[in-house]
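Note that the chains take the letters A, B, C, D and E in the order they are written out, and that residue 1 is the start of every chain.
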Amino acid sequence: MIVEGKQKIWADYQKDIPDDHYFYVRSCIRQSFWPASEVTFLDIVRNKLGKDFYENAYHTTCGGIAYHSDSIPQETAMTIIARQFALMHESGYENYVCSCITSFGLYTETLETWREFPELEAKIRQYLWDSCKKEFAKPKYLAHASDMIYKFRFDIAKQMKFPLVNVKTGKPLKVVEHIGCHYSKMFPSKGFGGAEYPYVLVGMIEAWGGEVVDYPERRHCCGFGFRQYFIQGNRGYSVSNTHKKFESMEPYEPDLIITNCPGCPYFLDRWQYVIAEQTGKTYGKDGYGIPALTYEEVAGLVMGYDPWDLGLQVHQVAIEPLLEKMGIPYDPKKKYQGVNGKDLGVPQCPMHIKSV
Amino acid sequence: MDFGFCLSPSSHVKMDSVDLTTFNRLKETNPDVNTCIACGSCTATCTAGNFTEMSFRRLLLMLQRGKEDEAKKMIQRCMLCGKCTLVCPRGINIRKILLDITR
Amino acid sequence: MKENILIIGGGAAGMEAATQLQKMGLTPIIIEKSETLGGHIAQWDRLFPAFHPAKDVVDKMLDQVKGVKTYLNTEVIDIQKDNDGFHAVLSNKQKIDAKAVILATGFDIFKAERKQEYGYGIYNNVMTSVELEKFFRTGKDERINNPKKIGFVHCVGARDVKVCNTYCSKVCCTTALKQACEIKEVFPDAEVYTFYMDLRMFGPGYEDLYLKTQKDFDVKCVRGRVCEVSEDMDGKLVIKAEDTLFGKPLKMTLDVLILMCAMEKNKSINPIQQKLGITDNSDGFMQNKDMYLGMNSTAQDGVFVAGACTAPKSLPDTIGEARSVATQVYNYINR
Amino acid sequence: MEYRFKGHLVEELYKDYRIKEGMKACMNCGVCTAVCPAAEFYKYNPKNIVNIVARKNEDDLEELLKSDTIWYCGECMSCVTRCPRANAPGLVVMSLRKLAMRSGLYMLSEKGRQQYVVVKDLCSNILNYGYCVYPRTFDYETHKEFGPVGKWINEHLDDIHARLGSNLDGDGPGGLRRIPKESLDQLKKIFDVTGATELMEQVLGDAHNEAVKENLTDEEYFMEVYTKNDPEKHLNH
Amino acid sequence: MNSQIFHPFVLPFVLGMAFVLTYCLVGLVRVISQLPKDDRKKFWHSLVTPKTAWANIRDLFGDCLFHVKIWKRNPVLGYMHTAIAFGWFMIIVIGHVMLFTLKPLQGIEVEGLQGMFTNFYYPIFFKYFAEETPVFAFLMDFFLLMIISGILIAVVKKIHSKIVGVKRVMHFGFADSLIRFALWTIFPFRLIAEKTNIMAFWWLYSIDLLIFMCMLPFTRYMHIPTEALFILLRHAGIKVTEPRKGYALAELYSCPSCGLCIDACPMSVNDKMSGNTSAYFMKKLRNKDTEESQRIAETCLMCGKCVMICPLSIESCDIKFSQRASVPYNINSDHSYLFCHSERSEESQTNNQKPRVLYFAGCMTQLTPKIMRAMKQIMEAADEEYQFMDENGGICCGRPMMLSGKTAEAKAMVEKNTELIKKSGATKLVLSCPICYKVFKEEYHLEGIEIQHHTQYIDDLVKAGKLKLNKGDVNYVYHDPCELGRAFGVYDEPREVLENVGNLKKAKSEKELSICCGGSLGSFTLTQQERDEITANSVNDLMFNNPDEIVTACPLCLKTFARKSPVKVKDIAEVTAESL
């Protein structure tokens, strides 16, 4: 591997986004599965870095998941998006940041399609007026929330308490980065680093002391596939694709996976459990599996947030071996507690994949 | 636990582990197996191909991609009429190869 | 009649045009930016389809242009046209007046790193056809260590909207098969694969080369564009493609991957080209008048083109054009 | 068989902006198939789909729309990155799916009929809660892969979301907040004017009719479609 | 004359004779025991059936002694063979006549076992032991000289075969050369011994006989005794079942390696390919060289010319088929699909109720649509009620499968086609492809349906006045397709048709001597280049009288000739249709 070659590509694919004053839009999946990640993101940018990230109570889903499950027409998704843009405009913002990769892809696609087919934009403008009596303005800058963390990665590094380093060996942790397909595969220039060697997560890993693992199936999809997951009969597709990725990364013995799409960590996490249940095979050392985390969770960890505040207990793959490697203190008793130490019981232990 | 789905087998042709014994043996007696340009003339003219999936150019590929069982199944359809040999632009003696595959 | 003819570019086209013009009694002047004449062909080891040593041809051409006035390490930095003809300023400050100008500036090789998914410049064992040719010439390349499996990828930087080159680069197919045979000669035990979309064997003896590649050299031609390349733990290359004739995705591990890079117009001539008022065509090559009777002429009276500056061309094409441009210039001078 | 747009399928398909964007000309190089996650596991080859669409043959298109083939794609759009002709097979598939649904041909394939499940679940989530995915409708029993932790989350949903800082069903901003009624109403209106409501009602109606035909309740039919899984039919060995 | 009853020089002969008789007896028992039970019964039966018995006698004399067939082909060679075989036969006969009419040793009565022993060698060395009468002496000398004249021709043939009209001869090994040398010298030695009575020549004569007879079983001269058995077996109507057993074994040993088939074989266009001819095949198989014999069996075009030209009519093609069949075909052919996909053919049958003629173009004709079009024109012009059986593609007739020795596998196709033909209700089946014609004639059971090749059919139509043809002035040459000509003797019909449309020129080799086009499906292994050479040779032969067009009656010949012919190649149907 010739790193200079990659650096050259990274240098070529840098997008220009401002570092403040954003209209923040949530992700259906992230808030449902990794609620603490969005909380952490806003805490970091607002409180730790002092930036202006505004959230409007009236914004909704972008409809991206329904759109990519072919449940709603393209015009519907575009009009919902136009409504979000209208909310941004009404709130006095020009920069738009979303938490979801599917959204990010759909926003990008929508803006590009409108650019190519202005008559479609006009049609959507009419739809929005007919349905909501709103008018929208297209955002000046569009970013994904991981772009922001990437942009602030050195600021975060300055506040870093636990770098991505194995405290026992002193060596950097081996980190697999997994980029959501819709981040830059459709429009390579819209993502940091482009489509083939995206830099958005690599930049974070490097800045926080980790070592990036580049394995053959790095670019492969996690296997979500929308309808291929939502319908039980199709889930074989989804788990098989994750399986393929893990088989490919296994020889590199990665310590952790970091993702920028809210869905991917769910699949990379839960499918490890399913693969273990079905085949008895586990990845990572000692049968614990390889933790698949969101970039907010990783940022939170290195900045010294409490692992249970970050919601790491909602992952099926045990997080404790990683915490120990990084030397992060945690209280095992508090892992499954509710607010104010409320006893919520303990999840059952799976058959094959180890839990602490 | 029954999840209602399971891992699917990969259909990738894994060139690293393809067993080429039959093809290599064939190549020794019929060096022209290498010269197929997949033009499809054989398939288009095939008498059996009129009724079935029989396709010699595909059959050769099957042998090269480790699908020997499929190939042998396909040969069962062949009527040995030899039209394929007549139309092959590369002059491959297809009928001979078909017979040799079975030996 | 001792009119000066300015020839920009001392490759095959420039040299051959100069030779012919001199025989016609005109005074060709070659301006070559590098330190030797010969252009790309001088960097080549052997020529398709019959593995003829390139040096043979280049030496003969060099011998023929011995008497031609030649400026090496020199570029044209300015050029003006008036009623007397053209007035060029060279990088060595010298001024040259000429009645006609021949642009024989040739091509550049597509920068393989632009086709990111192939990982040139990132994965150690991905190399270009030009580098492989150098290996044949010198016998040295640290990437080539008794490889067991070698792959060739066709159409790198050609027929590809994503790199803005939609044209076919014409010579790469034949070159790939030639090189596949040659590497098989060096490493007879290696398995050699070529990944092609169409094998465009357009010339005399080229289809025979294809047949020979298959039959005598046992090179395996797979129809399908390589989709992505990655590196495994051992530094070997994992490639994915579809075997489109089989209709199934295919995966394999290779020791070396050769990218058959396309020709692009040599862009270092752009400033002079602009000054002469010659535009590029949709493929990014110089626009000639038309591709039939006006192939050597341009929008600018007195400015002629020859060789790969107007489109990807083989050596015989280029020599043919160089000869025809000489006739065109001769007629222009004597009009 | 009678279906909507009979004889005009090609015409109707080519009205879709995603065809305009994603369907240029194919040179059969196969990069889309090589990278496609679906092609590895399903009897699926995106290149072939693009070819059929490019052919503009009404009969071929009808066959395609009736088949399971168009439903295998996971819409990851990996194919879009690589295509040397700047086609977007993923977008082509999306427009095919839409036409299959609107024409009614989707009901003829096992995988097409599954649209009932996603339309019903996702549209009701959007219209009722303003989200595509909503934890209270994400049930462990039908998502066993949610795992023991998922089961635990389902059992203590409010406590866990409270612990992790969600504003589950609360007012004002925050994760999983209750979307104000006026916003939900606007979503409904958007659905109405952009054709989503029509599509949704059509799919639910088709499913109901099919359920009646099969002598099932809507719920039973839903579960049948949701769980049906015939590897031999779909998998590519 | 010597007054002895014994001299040691007779011993070599006696030994040799005893050996060869024993060997032949064992061989005879072996061959007969290897025959399938029914065949054996047939054999015994044929020996006592007057008709076959008469044929046996006729051919034993005609073929074994007088070599009638060789005379027909090449009188010089005919004389050579007759001189040696008949001459030898006669001196043995005369020897025995003398033994019983003249008392060999006056005054000495030799009886009992001793008598049998002396009678065994007396006729062979008669002159040594007894006096001949002048008449017998003349006859003996006459036949001896006749043999020697034959031998002289053989020597000339050996030195320069072209003088006697033979281009290619077999190449033999040491054993064959030695026995040939022995054969050549037996009679000169006998002549010298008889005339000079020098003891050494009597010894040489006897030793020559020993060499000849001891080597006989291991060389081509084994054909001399085997031929008789072969003739009997052939007349019994026995067919080849296995390549090296029973009847085939008799055929193998009957082949005299005369080499006539070498020149006849279309493959003999160069030295390398002439090694693929039947004479070599028989020799290799005789010598149990299975690999080579299998190779030749797969290379053979199966044109049948060697069988036709063979002085013994040895069915070498049948042996090759059985040799091919002996290599297992490890695929269980599955043609069950034929029975599931019959709608297509049935579809085309609905439009025409009970046609008189059913036309089956066949696979190869599908590649030459002009033949199909011409046939349609002809049938329409003749106002025939016909139905086109395989207009949208059909099923192979099964012949190629049989050619590869897979008779059982071919059955599915035969059955399906039979079903379709019978269903049509037609009374006449017209075929365009001689390959099909052969198999339909021989393997199909289509009772009540007349099977014709289109040459015959067109000829019938013309003769019945249903087709009016305009005679033009084009010069045609007609090529006889192997499977129409040699196989079924269809020689006159096409020529008569052509006489009606233009001028018929002769080829150099015609009718049963016609040379295979080289495209034959019979061969599995010939390369395109090899086939091209054969074709070029065949075309040259056809171009002997500079015709304007070559006409044939087989789609495969048509396609094959078209590659190499300097003039237009047409099917007879095409020529006919053009003349309507």
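By definition in this document, a residue touches a chain if its C-beta (ideal position, glycine included) is under 8 Å from a C-beta of that chain, and two chains touch if they have at least 3 such contacts.
This structure is a prediction, so every number in the text was calculated from the model and none was measured.
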Intersection of contact partners for chain D and chain E: B
Central chain of the complex, centres being mean CA coordinates: B
Chain located farthest away, centre of chain D as origin (C-alpha): E
Selected pair, greater C-beta contact count between B-C and A-B: B-C
Chain separated most widely from chain C, comparing mean CA positions: E
Centre-to-centre distance between chain E and chain C (centres being mean Cα positions), rounded to whole Å: 64
Chain B and chain D: spacing of chain centres that average the CA atoms, whole Å: 37
Rounded Å distance, chain A centre to chain C centre (Cα mean): 45
Length of the line joining the C-alpha centres of chain C and chain D, rounded to whole Å: 48
Where chain B touches two or more other chains at once, by residue number: 1, 3-6, 8, 10-12
Residues within chain A bordering two or more other chains: 195-196, 219, 232-237, 239-240, 244, 274
Chain D residues counted as touching two or more neighbouring chains: 39-42, 81, 145, 227, 229, 231, 235-236
Interchain contacts, given as pairs of chains that touch: A-B, A-C, A-D, B-C, B-D, B-E, C-D
Interfacial residue positions of chain B with respect to chain E in the complex: 45, 47-48, 50-52, 72, 75-83, 86-87, 91, 93, 95-96, 99, 102-103
Contact footprint of chain A on chain C as seen in their complex: 113, 116-117, 119-124, 228, 230-233, 235, 238
Contacting residues of chain A [partner chain B, same complex]: 232-237, 239-240, 243-244, 274-275, 277-279, 351
Complex contacts: residues of chain A adjacent to chain D: 26, 28-29, 31-32, 35-36, 38-39, 55-61, 63-66, 68-76, 78-80, 83, 105, 113, 116-117, 120, 127-128, 130-132, 181-182, 185-186, 188, 195-196, 219-221, 223-228, 230-241, 244, 270-271, 273-274, 308-309, 311, 313-316, 336-339, 342, 344-350
For the chain C and chain B complex, residues of the former touching the latter: 193, 199, 211, 214-215, 218, 220, 223, 243, 245-246, 248-253
